[in-house]
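Here the structure is laid out as structure tokens; the discussion comes afterwards.
Read from first to last, the chains carry the letters A, B, C and D; within each, the first residue is number 1.
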Amino acid sequence: MIPNPNIPEVSIPSVIQNIPLQHYLILSTLLFVIGIIGVLTRRNAIIIFMSVELMLNAANLLLIAFSSYRSDPSGQVFVFFIMAVAAAEVAVGLAIIVMIYRNTRNTDIGFLNKLKW
Amino acid sequence: MNSTVSFFYFLSFLTILSAVMVVVSRNPIHSVLYLILAFFTLSGHYILLNAQFLAAVNIIVYAGAIMVLFLFVIMFLNMKQDNEEAKTNIAKIAATIVGGTVFVILFGAYRKSAIPAFNPENFDSQVGMIENLGHILFREYLLPFELASILLLVAMVGAVMLGKREIGERHF
Amino acid sequence: MSASLLILIPLLPLIGFLINGIGFKTIPKGAVGIIGTLAVVASFVISVMTFNDFVASGSQPLVVPLFEWITVGDLRIPFSFQIDQLSLLMLMIITGVGSLIHIYSIGYMHHDEGFGKFFAYLNLFLFFMLLLVLGSNYVIMFIGWEGVGLCSYLLIGFWNKNTNYNNTARKAFIMNRVGDLGFLLGIFTIIATFGSVEYTEVFAQASSFSLEDPVIVTICLFLFIGAMGKSAQIPLYTWLPDAMAGPTPVSALIHAATMVTAGIYMVIRSNVLYSLAPSALEIVGIIGGLTAIFAASIGLLQNDIKKVLAYSTVSQLGYMFMGLGAMAYSASMFHVITHAFFKALLFLGAGSVIHAMSDEQDIRNMGGLRKKLPITFITFLIATIAIAGIPPFAGFFSKDEILAHVFEHNKLLWVIGVIGSLMTSFYMFRLLFLTFFGNFRGTHEQEHHLHESPASMTIPLVILAVLSAVGGFIGVPEALHGSHHLAEFMSPLYDAARQANPAGFEPTTLSHSEEYLLMGVSVAVALISAVVAYVMYVQKASVPAPDSAEKSGLQRLVYNKYYVDELYDNVFVKSTKTLSNILYSFGEFFIDLFVNAAVRLTSFSAKMLRKTQTGSTGDYVFAMVLGIVAILFWKLLL
Amino acid sequence: MYPIVLLSFFGIVTLFLGFSKSKNILLPATLLFLIIALAGNFLEWNKGPLLYFYDMLRVDNVTLAFNGIILLSAFMIFAISGGFQDNPDSEPAEYFGLMLFSLVGALMMVGFQHLIMLFIGVEILSVAMYVLTGSNKRNLRSNEAALKYFLMGAFATGFMLFGITLLYGATGSFKLEQIQGFASNMQVGSESYILYAGLLLLLIGMLFKVSAAPFHFWTPDVYEGAPTIFTTFMSTVVKTAGFAALFRLLSGSFTGVYGFWWIVIAAIAVLTLLVGNIGATSQNSFKRMLAYSGISHAGYLLIALTALSKPSQNAIIFYSLAYSLSTICAFGVLMLVSKEKTIGGQPNEYYDAFNGLAKQNPLLAFVLTVSMLSLAGIPLTAGFWGKFFIFTSAAERGIIWITVIAVLMSTVGIYYYFRVIISSYLKEGDLVKIRVAPFYKVILVLATFLTILFGLAPGIFEGLI
């Protein structure tokens, strides 16, 4: 870490001082679980996919929280990569959904059960 | 209670609320909009945590690019809320219970272990700044950074290959 | 004794297999037979040379390392051969009897279109069998073990490309896999306990274990499960009678003389372990005894000439295990040797009969063959006397030695053994009389076709007959003022075991007069049975009822004769018959139940499992999350 | 290190080659690329453990051995693809490019020292596989498989990521070495349950990728729906990479908490064995059976992970190699045979497609037989030694009970593996002589030869690793 003389030393953010890390853990776990519930309850492939995005963001939030509390930048760099990965997944995922829509006029996963047993 | 703390709770509440709305909205477009709202609140959290760069990237990449892609596809496919056949209520309740169990278990695990607190002695408030991240990203993380470009290339090739219209295929 | 010479013993059959296997379409028939046979005879010659060298150089066991084979962590498995008394004896049996059976097959299989393939398989079988007995560790033994199993199925199915094959093969497969499972688990327990699979190292370490150590008992029981599968003991025996579907030389070589004795070989090879686990030996003895009497009683009623011999083999194997149970390792080995002679002879004789009868196997349709097939008859007679245990033929000495040891060990088992011996004598003489005495009962065409087999088939018969007659003299008991060459020769094998469990190796406490008595009893029951069989099947010329006729037909036939007959019939014949029938159906029923239950259970759970694969992503995800919840709950909260 | 760089570059070159008019150049070019990558891989042989880019990547002989298996499998699969010449709808340049890129991901998973490398590697591999699964665009089954794979894969990624996050939270690092340091220094009574939760979630994500039960549900459907050539790729390359990653993760970071996780892996291994073997018995489609067989082999490999004893490493390497060779043979023959007769426009992938194979195509029948024997674990094939080493590793840890179950299940395995042998040798069928391209034949024979060679002399690698 290279200290930058131009920027005045910012004091420790008040969130970090006042909110225990535990709260971030709970918040992001809640987000994660909401994502899981979304995947389990919805049948529209796009909504399911958005729920997965929620799960990824839960991880992002927690990573940044950990990173800030520990003042270790590697967690934030990891988030950067997660965003890249999410972008890639979204591109491919939506392409698959579009492809299926072309063939079946539907994005409901309930109709996709030709392959079974 | 100081203002940042109450702001934290407000943001958290908003985050959870919009996340729940993403899952329960009948209309996919509403879902997308709630998700965008969730991303904005998350960016708020990032700013509170002094991760300004990621807060900006989150808005630009997630809310700006990824969600627009979602929105685009949804409108493209002309999805309406009645397109989806609802799952039975039992399935929904079961899913919620199972999800809740996951939360309870994880919560129990957190309770059992010591959470590392911040260390005021050697706290560095600059970690989330762009210079700092840039230095790390292009030094220690150079290899994964370069290889992430392979990932994006794969996604690009794949998306084009799957998404492009074949001769004789209808547009939509 | 050079390593290069030693390696030739298994290598020659392998070369024979490769030549015949690759070129069986192009090589002329004559050459195929010569190549196949020559490979085995040459390896027999080398075995004899090795044997002589071994004796000349002071009978020191030695391990001939060939190459470093595998290293897994701390476990080192070299590819090496072990030459000692046991492996040499097995070598002699396998290559010796193997050679004779190859020669026989030239004549027997002459008209078969799969002649080349047949010889290739036989050679491959011998290769694996030699590997099994030569290897110096359990892993090589296991390779041979599985290899002979594979060849056995190839040869059982040699003529059966039809529907029946599936069921037979499935049964045989499951039984042998259960056995192999036991063997494999035994090997892994050995690895876990001793960190080695080399015989020398394992046995050296085992000596330091105390008597009845649970680990050793476990290993012994696991290994015995393997032996049960391969040597057809209760409850894994039913595959052997089914295996008779293969060509007769195969039955003689694999299912009588060599492969099925692999289980006995393994137990003798592991004698140190077994001596340390008397309770495991007790189980071995009991299973052996039960199998002996059980199979013998089933043999009483069979009408297929090969089926009789098959059940007889199962029963004789039971005797061997009974002997092992009494720690009479040498006596069991002795029986392995003599049994190899006379049972191979019986099968080959049966083959000769079948050959002459144009593939007829039902003894009800034979009779009076002794005039048409004099050589076959005489040799078959010798073999029958030998198996019945009538002195001075080979079977008497070996069986009697086993029974003497069993008597000392457990009187009840001895009684079972004697009853089994009574039955053995009866069904063998019944077989002999029904086949070779009385009038011919087959079709006219068959009668016209009757002929003695060619020289290539009769010469092996004669050689085996001589061996069956005099083979017993390698182990004349002291009571008969002979010297037990075999026991002396094998004695060094048990040095380690003797140290570990001295009580088991104490010299016999039986007085000579007691021994005479025991011998007298077994000879007497054998003779009585022979006479009874003679009365029934020669004097009265009764023939077992055809399958279709009701049993009362026979009864009526008997009723018209003497009153004594009726009594005899009621008391002995009918009761044994009922017993035999019950045992047969009961035993087979349970075995089938076991096999079928296993199959049913699998297919039932497969059906259930199929239902979980609903094809719906939602269900899959839900199941996944349930799994995750279960794991997290188990490991994080519990 | 070299193959990662080379393959990234070659992948781009391959995409550009797609612009050329002549599609014939693609196959030889990619095969050449793979040979160069293989050669580059073994340049670093015995150079000792090398760490690259601030400890991102570790190159030692274990890495190189796994890389070798992956590249060799890829070479064989590329070769039997025949350059996708027979399908006019195909886009060979894209397929080859994606496969080359996915190999980069696989190699990252093999050599990672930092969780970001694992994560990116898994994603490259998975994203490429999602696309290739759906590459048969107008086929509904292919579409369905792609969507199933994608949705469930993304879901599993979520768990994996959350696991990584918790691990980071507990230990403060993504580096294997530092996680190891933290995990081995935990005091009894004050263990970090956050670390445990993270470990479990990360394991769940990885176990999904190697199709261990109860995360296997996607496998049969996806394997069946995907074009066979990509199924082959998934069941060899992806599985090998997945196990290499799991092995590196567990042996590199979590030996200190072995007591915590071994029973989880053991339970999953048993469940996987049961599901894979029993599920395979009720299948009528050979391809779907191979999918279940893939699940069951994951179960065997998990046993080696459960033990994580000295021989485990070699056992996993040997088993992966044996399994890959046999699987390639099996799918290779399936591709040839299934084309002969179609059912409603679909290739016939049922068992009865093999009826009477031996009569006109003795070579194919032989190749198929050897591969089935090897998968079933019959001695004198490579598969037997793979199983033997794995069981040995469990025995050295003193875990015998799991071996009992595994050996029992391998008995069940014989039933379904032998079904196709019986079909091809004993059943009557009117299969004509199948024309096989010479190169195709060479690959099949080579794989068969190696299977037998390793079966006869499994010690051939001894001392290498």
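Annotations
As a working rule, a contact is a pair of C-beta atoms (placed from the backbone, for glycine too) under 8 Å apart; a residue touches a chain by one contact, two chains touch by 3 or more.
Which protein is which chain? UniProt says A = NADH-quinone oxidoreductase subunit K; B = NADH-quinone oxidoreductase subunit J; C = NADH-quinone oxidoreductase subunit L; D = NADH-quinone oxidoreductase subunit N.
Model, not experiment: these values are computed from the prediction.
Taking the definition of touch as given, a chain qualifies here only if it contacts chain A and chain B alike; those chains are C, D.
With centres taken as mean CA coordinates, the chain nearest to the overall protein centre is D.
Among the pairs B-C and C-D, the greater number of C-beta contacts is found at C-D. Spacing of chain B relative to chain C, judged by their CA centroids, is 70 angstrom.
Chain centres here are Cα means. That of chain C falls 43 Å from that of chain D.
Centroids of chain A and chain D (each the mean of its C-alpha atoms) stand 28 Å apart. Taking each chain's centre as the average of its CA atoms, chain A and chain C sit 67 Å apart. In chain D, the residues that touch at least two other chains are 116, 120, 123, 127, 130-131, 134, 137-138, 146-148, 151, 155, 159, 169, 172, 193, 196-197, 220-221, 282. Listed for chain C are residues 610, 613, 615, 617-618, 621-622, 625-626, 628, 632, 636, each touching two or more other chains.
Counting only residues that touch two or more partner chains, chain B has 87, 91, 95, 98-99, 102, 106, 109-110, 112, 115-116, 140-141, 144, 148, 151, 154-155, 158-159, 161-162. In terms of inter-chain touching, the protein chains here all touch one another pairwise. Of all residues in chain C, only 68-75, 139, 142-143, 146-147, 150, 161, 165-166, 170, 173-174, 177-178, 181, 184-185, 188-189, 191-192, 195, 602-603, 605-607, 609-610, 612-613, 615, 617, 619-621, 623-624, 626-628, 631-632, 634-636 touch chain D in the complex they form.
In the complex of the two chains, the chain D residues touching chain C come out as 147-148, 151-152, 155-156, 159, 193, 196-197, 200-201, 204, 208, 213-215, 217-218, 220-221, 260-261, 264, 268, 274-275, 278-279, 281-282, 309-311, 314-315, 378-380, 385, 388-389, 391-396, 398, 400, 403-404, 407-408, 411-412, 414-415, 422, 426, 457-459, 462-463. Of all the residues in chain D, the ones that touch chain A in their complex are 116, 119-120, 123, 127, 130-131, 134, 137-138, 140-141, 143-148, 150-151, 154-155, 157-159, 161-162, 164-166, 168-169, 172-174, 220-222, 224-225, 282. Taken together, the chain D residues at the contact with chain B in this complex read 4, 8, 11-12, 15, 52-54, 56-57, 89, 91, 94, 97-98, 101-102, 104-105, 108, 114, 116-117, 120-121, 123-124, 127-128, 130-131, 134-135, 137-138, 146, 169-170, 172, 190-197. Here chain B touches chain A in the complex through residues 2, 4-5, 8, 12, 15-16, 19-20, 22-23, 28, 31-32, 35, 38-39, 42, 45-46, 48-51, 53-54, 57-58, 61-62, 65-66, 69-70, 73-74, 76-77, 79, 83-87, 91-92, 95-96, 98-100, 102-103, 106-107, 110, 115-120, 122-129, 131-133, 135-137, 140-141, 144-145, 148, 151-152, 154-156, 158-163, 169-170, 172, going by the rule given at the top.
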